[in-house]
Each structure stands twice: as structure tokens, then as C-alpha cells.
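Each in C-alpha cells, the structures are laid out below.
Both complexes below contain chain A, partnered by chain B and then by chain C.
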Partner chain A sequence: MDVRKTYKLFLNGEFVRSESGRAYRPDGSVNVPRGSRKDLRDAVRAARTAFPGWAARTAMNRGQILYRAAEMLDGRAAQFLELLGGGVRARRALDQSVEALVWYAGWTDKLPQITGTVNPVAGPYFNFTIPEPTGVVAIVAPEESPLLGLVRRLAPALCGGNVVIALAAESSPLAALTLAEVLATSDVPAGVVNIISGQRKELLPTLASHMDVNAIDVAGCNGNEVKAIEESAAGNIKRVIKLTQREQSPHLIAAFMEMKTVWHPIGV
Partner chain B sequence: MAITKKQTAELAKQVFEYAPAPEAIDHIKIQPRYGLFIGGRMVDAHSKKRFPTINPATEKTLSEVAEADEVDVDRAVKAAGKAFDSWSHLSASRRARYLFRISRLIQERSRELAVVETMDGGKPIKESRDVDIPLSAAHFFYYAGWADKLEWAFPNRKPRPIGVAGQVIPWNFPLLMLAWKIAPALAAGNTVVLKPAETTPLSAMVFAEICMQAELPPGVVNIVTGAGKTGFLVVSHPHVKKVAFTGSTEVGKLIQRAIAGTGKRLTLELGGKAANIVFEDAPLDQAVEGIVNGIYFNQGHVCCAGSRLLVQESIAEPLLEKLKRRLSTLRLGDPLDKNTDIGAINSRAQLEKIQGLVESGVEEGAELYQPECVLPERGFWFPPSLFTNVSQSYRIAREEIFGPVLSVLTFRTPNEAVEKANNTPYGLSAGVWTDKGSRILWMAERLRAGVVWANTFNRFDPTSPFGGYKESGFGREGGVHGLLPYVELT
Partner chain C sequence: MATALSLTHLGSLMRGVRSVDEVGADERAASLAKRSIKKSSKLWALDLAVRCMDLTTLEGADTPGKVAAMCAKAVRPKPGDRTIPSVAAVCVYPLRIADCVEHLRGSSVRIASVATAFPSGQSFTSIKVAETEEAVREGAQEIDMVIDRGAFLSGDYQRVYDEIVAVKEASGDAHLKVILETGELGNYDAVRRASILAMAAGADFIKTSTGKVQPAATLPVALVMMEAIRDFVRETGRPVGFKAAGGIRTAKQAISYLVVTYETLGPDWMTPDRLRLGASTLLNDVLMQIDKERTGAYQSGDYFTVD
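After this line comes the complex of A and B, so read on.
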């Protein structure tokens, strides 16, 4: 007889049920927590608290943690293949997810060298520009690609030092909820990634209008959802990141970053 | 022995007795009325409506400009759309040459532009002459050079222009904001429809002449004048693919909401409430100059103004004494006078906003200091002001005043300074004054702001990216980063 797993939300480094006590059955059998707006707000608070520490980690340390996540994901290949329905497509999605984590792990200490600049201003000043994480980032996993679609946005956001609240794919949340177990064993500090399952219709408006969320990635959203999100995002000038799902590049990391420019006079 | 306020004022009068030194205006030709710049020439507005633009220092009407309506904006966008095909396919080195030409023409007509800017907007001539106009020319010169080097800016990507850019700019640095908007847009191969602010349209009208003088192909730059309604028409026009706005956070939010779901690209450069942080080891005299420059430059009509002074408690008293003494030497008056430090407030509406916020500061319990200062009878004026005894919750510590009003707060530890500095929804700029290098970098790392000035303030350069964190907007202007909002990367 199996010892079955209770699927839980990943919130502030802990596996918890929805505070609402609700659940839903996306595939008709397994109970999955139906996260509430309160869960989201708790996740934002946890993320905000975790942000300064994560952003202050050295680039190399963040890279090692992302690489560790790749190791853990690869080690659980069999489990994820099963969750993704098996077959060639599942295999490819898993391989590409591992590859994305490895690829972005190697970017943490290179992005500033690609996007940062020393600016030759017309005066006696030393002036440089560096990328810094934008802060609390919301990611909406695409329904059609529940693992790869999420990992491909999560990795670049974390790479730059952001903290994340991810909405699992509503119709197939198990891969995302299991990814939480990968992250929990990869030295990702508590609150840096929070994964919430539930109904998009219920949760998206809260995510989009939350005043302490700095950016929202909408690659996994349809046109109507994007419009509604963009309207709410205006409430606190959220960055709405719309690069396509296929995008895998330092430009995507940079989309989750702010550029900071520092001036100092030169003199004796 | 401390010098009393009265003695300071007396001293100021003795030491700083200046003869009037007004800039000549006889070489300036401001036309009695202006049309719209559409398709390479000045045309009459379909709306047939006009509004006056006045000199805020005298309240006299300088000219009447057209108020563009829906038909006018549509014409401008269509002209830009038509020009886009050829402009975006023009050889990049030619695009560069047009921009170099524009830069040179700005330099050639710099005195005229400076005077027009000062008459229309109220800023001191020494600022328009030494800051606004040279920086505008430099901005065109910088981006001119990028026009034929774009592929070097985006490794592994092919940059392509987006299309017609709709750009709406504020009244605090009219020509400079125009340059920040138009130069990168054109360099990347886009065409533009620009709406200047309703209180400061005249330097944009001179710029329209410069476009004609440069023989810029018709429709590449179009300028439509009007108020908020016209601006809204520009950004919401369906053929405008890229929107760039500089102005208040309030209007920025309206724009972001208005274009939701349209797929238009957007950059916003919005308000600020910058902290200017002075540590006890800072060179105080330099810091005082930096504080003055930070908040009284351009009458405080600066989105990145250092409007919150955070001073370490141990030096609060001597610093404030020096600062107050320095304030009493600032010369307020005729913006055209070369010795004027503080010019006119840009408009009556802005003056009323400043007055309202200053009243709220007094009511909430802050202590107001203003040096003895005679305000001219006509025009809009506000004396340089500073508030002490300010709590973080006061409106004057939270809201952007956009006037010559400084709120002074104190701190004890570097952590407290960071905490207070970041305790705002804004994040455009910040200042740090200290002699300790490691502390500068420690602070710079923690301040959530797009620009950090260390032992200096309010410096700008075309090579230096500028823009905000949080509710101060997104996107950068200046530097290689300033190209990104104007390209599609494939």
C-alpha cells in the first residue's frame, strides 16, 4: 500500500495547507490546496522579508544554489517524468528545465559584466551603472507547460537576486508543487521562492494589484488576463514582463532588474 | 559666537550687492502664434483652438500656441507612420548625420534657446544656459553616434525600430526632456510625435525650426501642443507603438492603465522624494552646496530633487546653521538676470500646490524657516524654504512638492539612514555625503534608487543612465541602456 503525499503550498520555506482550508482536484483524484488571497498576501510578506538577504548573497553563492537546484531536479527525474505524464515530451521538458537552471546558474556572476557599464561622463566624476534586483516578483506559470514554463521564468528572476511568488499552473499544479521540494533541498532561503496553487481567476487580481509586488511576469497569461493585470499593475507602477515564453537570455534576467547609476567626484 | 538671522541678512546685503545683469532679449524672435509641427512644416490646427503661454516671472503672454485635437493628433501620428518606412530604412550613418546636425544647430542657437527656455519656464538663465541647453545638444550628439552602431549595443540580438513613438514631456526641463525623448528614438530608427508641456511649449517650437533647418525628412519628428487631453490622445492613438512619459506618478499611473492590453511598449520617468544623506564626517561646506543644489536647483522643479535632508544627529545643528546662512545668500528674482539663483515658479497652479503643501507642513507641526526674501510683485514666486522638526509621516516628508522646499530629518546610525531613505514609494535618486569610501559603497548598495550621487548631487550626462525604482517609473534614459526602450530585439 502506498504512503501517499499530501500536496501543500510552499510558503516562507514551509509546506503548508491553504489558510482557507480549501482544496481542489485538478486531475479528479489528488487534492491540491486551493490557495487564497490571504495565502498570497502572506507569501508577499515572506518574500519581502527574504529579499534583502537574498539580494545581498554573493553572485557566486546564488549561482551555486541555482546549480544545486538543477542537481536536485535531475536527481528526481523519475518522479517528475511521472508527474508530467511520461513520454518524449515530458523527458524534453525535464531536460530543458534542468538545463535552464544550469544555464542561469552560470549567469549570476556574469550579468553585471554584460549589462553594467562605466560611463564616460563629461566631467571629473567616476560613474558606473550596475543591475540590481527589482524586488518581489510574481510569476504566473503557463498552463501548457507546468514545469518548464515555470522554471524558465523562475531561474532568471532568482539569478538576479529577486524573490518570487509563483502561481502554479491551475490545471496541472503538481510539478510546480513538487519543484518546491527541489528548492527546499537546494539551500534556497525561506521566503525566496513561494509557490501557490489555486484558481487563477481568484488569485491573479490580488497578485496584480498588490502594492508590495514590484514586477509581474505574464508570459503564462492570455490576452484578457494581461490586460486586466496591466490595469491593476498601474496601482504601484509594477513592471509587467512580457517577453515570450521561449525567451532564454540575459535580456530576460535584465527584465527583472533595475539599473542603478552611481556618481562620485574625482579629485585630490 | 553664532551669527543671528538678522546679522546674516545684513551681511548678505553687504557682501552680495549685485548690479542687475539681465540677459539681452532683443535677438529673440518669439512669434505671436504657433501652429503644430506636422509632416515637416508648421500647420494650422484643425481644432482652431489656441491657448496662451506666459512668462511666469511677469505673467505676460509670450505667444499663443495651438491646442491639438483628435484630428490633429491623428494627422501627426499618420505623418510619423508614413515617415517611419523611409526613416527606418535609411542608411544608419545618414540617420546619425541628421542627429549630429541637430546637435550642432542646438549649439549654434544655444543663446536663443536658453533665453526662450527661461522666459517661458521661469528658470534662471544661468541654468538654462549652462545646464539645459548644453546637455540637450550633448544628448543628440551622444545618440547620433549610436545610430549606426546599434548592433554593438545588443550582443546576439538584432535590434529593430519599434515604429511611431508617442512622447509626453514635463515643463521643468522642456528642451532637455525633448532631447532625452527624441534623440534615442530617432537614433534607433523610430519616428516620433511629441507633446511638450502646456506651460512650456516654446523651446519645442524653436526645435521644430531646427528640424526644418536640419532638413530632417518630413514626419520623422512631429510636435503637437496642448494640455493633458492632447497628451492622452497621443499615447492612446492605436498607431503609436511606443509610449514614453516623463511627469508625475499620478499621471504615469493613468497612462499605464489607459494603455493596458494594447501591447504598446512603455517607459515612465515619474516623481521622486529623494533623500540627501549627510554623515558626520562629511565635508560640511561642500555638503551645504550639495544640499542647496539638490533642492533649490530649478526652484526644486526637479523629479530627482534632494527634497528630504537626512542629517546625522551629531552634526545637525552646525549643518543647519550653515545651511540657513547659505539660504539667505540665494538671490531670488528676474530669471533673465545672470546672477539669479532662484527664478519663478513655473505656473500659478504649481505655486498653489507648493503653498498648500507648505501650509500642511506648518499645520502638522513642522518648523518652517525662510530667509528674508523680497518677492517681486508680479509673477509666481516662492522663497527657498526648509522645514525642521519633520516627522516621516508628514505630507511634506512623503509627497513630492516639486518646489524649493526642503524637509530635514535626522538619523543616528547608517542603518537608520537607509531605513528612512527607502521609506517612500518613490525611488528615483539619493545623495550620500561622507568622507569614508567604504561607507559610500555600502550606502549606494542599499539605497533603492536609480541614481545615487555620492558627495555630489543633480549631475546629468547623456552617457549616464537615469530612471527610477518602484513608483518613480521604469526604463532608463541616457547611456546604452537608454536605447533599449526604443528597439525590438529579435
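After this line comes the complex of A and C, so read on.
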């Protein structure tokens, strides 16, 4: 029997239709929910609620969960290959996505050693700097690489303990929406990752001006979009992450982190 | 003013209370809650919600410092923004009244105190009366009393009635709000009966809950109580206020209560003199929604005071 699938948004650990009831057909074949600003509002609320718990997980546990996501993604290889159009390129994108998850899973407990510092100061203090997650992070997935492009930004953000609102690639959102099914079976707590499909023109201004979003990754945006986002982001001094780097790197994890410096008195 | 009704009169009053269509009340409340209030109407409603709010703290851990902070917030809910009005009142335990008197001097915010062995009401009438008198002497302008649910549920309406009359007398000039604690009454018929009983005994306001029992205020219960008020006013001509309390945490819920009030009691009740929303955590959400309407950007709790 042919069971046709209804693609849904991934909000607070649940698969839901857009509250607006709208849908669009990105490639003319299937309907995909067209998320609204209220879906974004709900997503941010869910993420904000989930943040303290996720940030407080041990690095090892976050690593285990990211590794589990890699296992689940690998287990669904056939489905993703079909969604990505098959062929060598699809195979490579999938393999690299699985690899990215495994790679960042290993980084969860190593980041502080690389980015943290002990600072020499002229006074009776231990002074050290440690990375802390920024909070609620929005990620705009790049259009040209619907799965790998998203995974390569999502994994570093999660690795550091952030929670994520991801905008799926507008023209090919199916891989991102299916990735939600992978995450839902990987012990990622509800609200830690929220994936919304829809029109960027409609959603970006809401996301950029939302006071409860702490950072926005604009790797998938064009110049005009970045300019508009930066202007709106000024409202709450949102961090706008403009690293164009596509490769895996600990710098990408650090890009989603805040550095906290602690002065600890000694000899008193 | 109510005088003591004799046993037979009270009995016929209670027997005369018609029963409530439970399914109908639920459905009407649900349909009113769906009403969409947007833009300028929403701003008006949110402003009214602030003006009708009883900012509440009823914790064992309440300290003079915490009450001082709440009083400051009651007078000026959003520091630096004079367009946000003061709330109607603060609601505290009797021991904290003196702190409120100190910090609210010269403001329009009234002082409400719970009394009568709040929240259970399981104590002697003489103690409840004494507590009320003491609270009024301390400076409470409004008394939130609880009814004796034990007596009400066992059918001893006379005891409940007499107690309200006694406390009303003890409150003097202070407004008396009678808490029915609807979550413990069991069904809508009992809620309606308790409402009529409290109003007949002289309540200035009837109030849903203490906030200490689940379920606290719900929209259908509010509707049932407001319909009782409407019928009581029609019969006696004495307007009685309504206060919803417990579990109202979002601006959206607050607006639903305003809608139900408007549709049931009419525009005359859209004023702090006749409508109150008791809440400890609602105010920040209302302020955030006001900012959302003004700026267009969704707001964050990070930029509002921590209660």
C-alpha cells in the first residue's frame, strides 16, 4: 500500500502543522507546512524553556545524544538518499552529515580546553575564561545544501549547549523536516531543536527582531537579507554569526558561545 | 446591607437557585475564549487588565523586602514607562499589610489582605472575625475572605451565611471579597449556589479561588459566577464585583476573562471597581504583550523585572 506522508513542522518535540494552516509546494510534488510568525513564536518559547536543561546536561551526555543522532541518520540512509535526489553527490552529502554529527559529538567535552584560557593578570587573582552557550540560536539553512548545510551548523550549536530554531531551506525543505524525525528518536529533549519550513521573506524579519533569540546564524542568507537581519538584530544586540566557513571546525562551535571571564581572589 | 436571614428564608433562597447547564457553560466559555482581540482593542484590553489587577504574593516565604519590591511594581509596573497604569491593588497576608501601607503611601494602589484562616477557612468564627478586624486596623482596604467549604459542602448554609455576615460587619468600610474556592465545590450548581449565598450575605466581590487549590480559576466557572451576579443584580439592584484568581498567567487568558465579563455583565463591569484579576505572574506577560503590540517584535523575559 502506498502511504503518503504529510510533512510537518518540528516544534517542542512534536510534529505539528503550521498554526496558520497554510502549506506550500516547494518542488511541485508534495505539500509542506508554510510556517508563520506565530509558529516561530511558539518555537522560541519552547526553546527558551528547554535551554536551561540542555545547557546543564553534562558534556558527555550531549555527546552521546549527538552520536545517537548520527546513528539514526545513518540508519535512514536510503530515505535520505532518495530525498536528496540520489547519486554520488547525495551519497557524499549524507556521509558527510553523519560524519559531522559524530565529529561534533566528540567535541562536546573538549571545547573548553581549546577555547578556555587562564589569563595572566597584574593582581592576586586567578583569572580564567570559559565558554558558555549563548542561548536560543536561530539557524537559516543554506538553500544549496539542504541536509549537509543544516547539519554542519546545527551540530556545533548543539554541541556547545545551545538550543536551536532552524529555518529549513525554502526550496528543498524535505531533508530538514525528515532530519527532525532523526532528532526525535535520538533523545534530544523536546524544544532543544525546532525546525520550521516556510518562506524566508516572511519569517526572517520576525526571527531577526525577536527579543528572545540570542544569536542568528546567517550562513544561508544573501547580502540583502544579512543587512536587514543585522538592523533588526540590533534591537536586543543579537549575535549575528556570519562565518561563511563550510567545513567542520571547533571555531564554529566557539562562534555559538559566549566567553565568560571569572576573577577568583587568591591569598586573601 | 444584608441582615441575617432566618433559617427558613435561607432554605428557600437556596432551593430557589436554578441549576446550571454544565455543557452549555463549558461551550459558551470555550467559544468566548476563541474570540480574537487584536491591535488597538488588544492594547485597550491589556491596559484594562493592568488596571484591574490585584498583584498578589501569598507565600509563607514573603518578606518585607519582597513585598516592598512588589509594591514598587504595583505603582509603576514598568519602570521608565509612565504610560503603563498602576495596578488596582496588592494582595498580601495580614502580617505584610504594614509593609504595604509604608510603600504605597500616596499612590492609587489599594491594599487587599486575605483573612479568615486563609486558605482553608477551617477555624473558629471568632478568630476569623478578630483576624479581619485586625487586618482592617492595620490598614487593609479590601478583605479577601474564604468561605467555610466544610460547612457549605455538608449543607450547613446558615453557618456559611452567618460567617460572611459577621466578617462583613468586621470589615467595616473595607471591601469584602468572598472566595468560594470553586475547585473544592465539586460542580457548577454548587458554584452558583455559593455565589448567591455570598452575595445575599453582603459580599462586595465574589472571587473564584485562593490560588492554593487545583483547579483554580477556570473560564466556565467564571461564567457561572458572573451569570449568578447578573441575576442577583437584576433582582436586588446591588452591583457585585467579580474577581478571578489562580492560574491566570498569560495575557491571552486575562483577555478571555475580560471578554467573558463584557459579554455576561456588560461594559459597566469593565472597571477595577467591579472586576479584578488576581495574579502573581501575569503582569510581566501583559507588559510583554503591550511591548509586542507597540514595537512589533516578540519580547523576552530577560528585559522585564524578576519577581
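Convention: the second predicted complex is superposed on the first by the 265 of 268 C-alpha atoms of A that agree within 3 Å, B and C clash if a C-alpha of one lies under 4 Å from a C-alpha of the other, contacts with A are read in each partner's own complex, and residues count from 1 in each chain.
Just so we're on the same page, a contact is a pair of C-beta atoms (placed from the backbone, for glycine too) under 8 Å apart; a residue touches a chain by one contact, two chains touch by 3 or more.
The structure presented is a predicted model; accordingly, all values stated were derived computationally and were not measured.
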Between chain B (first) and chain C (second), which does A:60 come into contact with in this model arrangement: first, second, both, or neither?
neither
Applying the touch criterion given at the start, work out whether A:227 contacts chain B, chain C, both or neither, answering first, second, both or neither.
first
After the superposition on A, what does A:236 contact: first (chain B), second (chain C), both or neither?
both
More chain A residues in contact - chain B or chain C:
B
Thinking of the overlay built on chain A, is A:117 touched by chain B (first), by chain C (second), by both, or by neither?
first
When the two structures are overlaid on chain A, which partner does A:41 contact: first (chain B), second (chain C), both, or neither?
second
Going by the contact rule set out at the top, does A:129 touch chain B (first), chain C (second), both, or neither?
first
Overlap of chain B and chain C contacts on chain A, residues 235-236
In the complex of these two chains, what residues of chain B are touching chain A?
138, 155-157, 249, 252-254, 256-257, 259-261, 268, 270, 425, 440, 444, 449-456, 459, 461, 463-467, 469-474, 476, 479-481, 489
Considering only the defined contacts, which chain A positions touch chain C in the complex?
40-41, 44, 48, 206, 209-212, 232, 235-236
Parts of chain A lying in touch with chain B, wherever the complex brings them together:
114-115, 117, 119-123, 125, 127, 129, 134-135, 214, 223-224, 226-231, 233-237, 239, 249, 251, 258-265
Residues of chain C touching chain A in the complex:
295-303
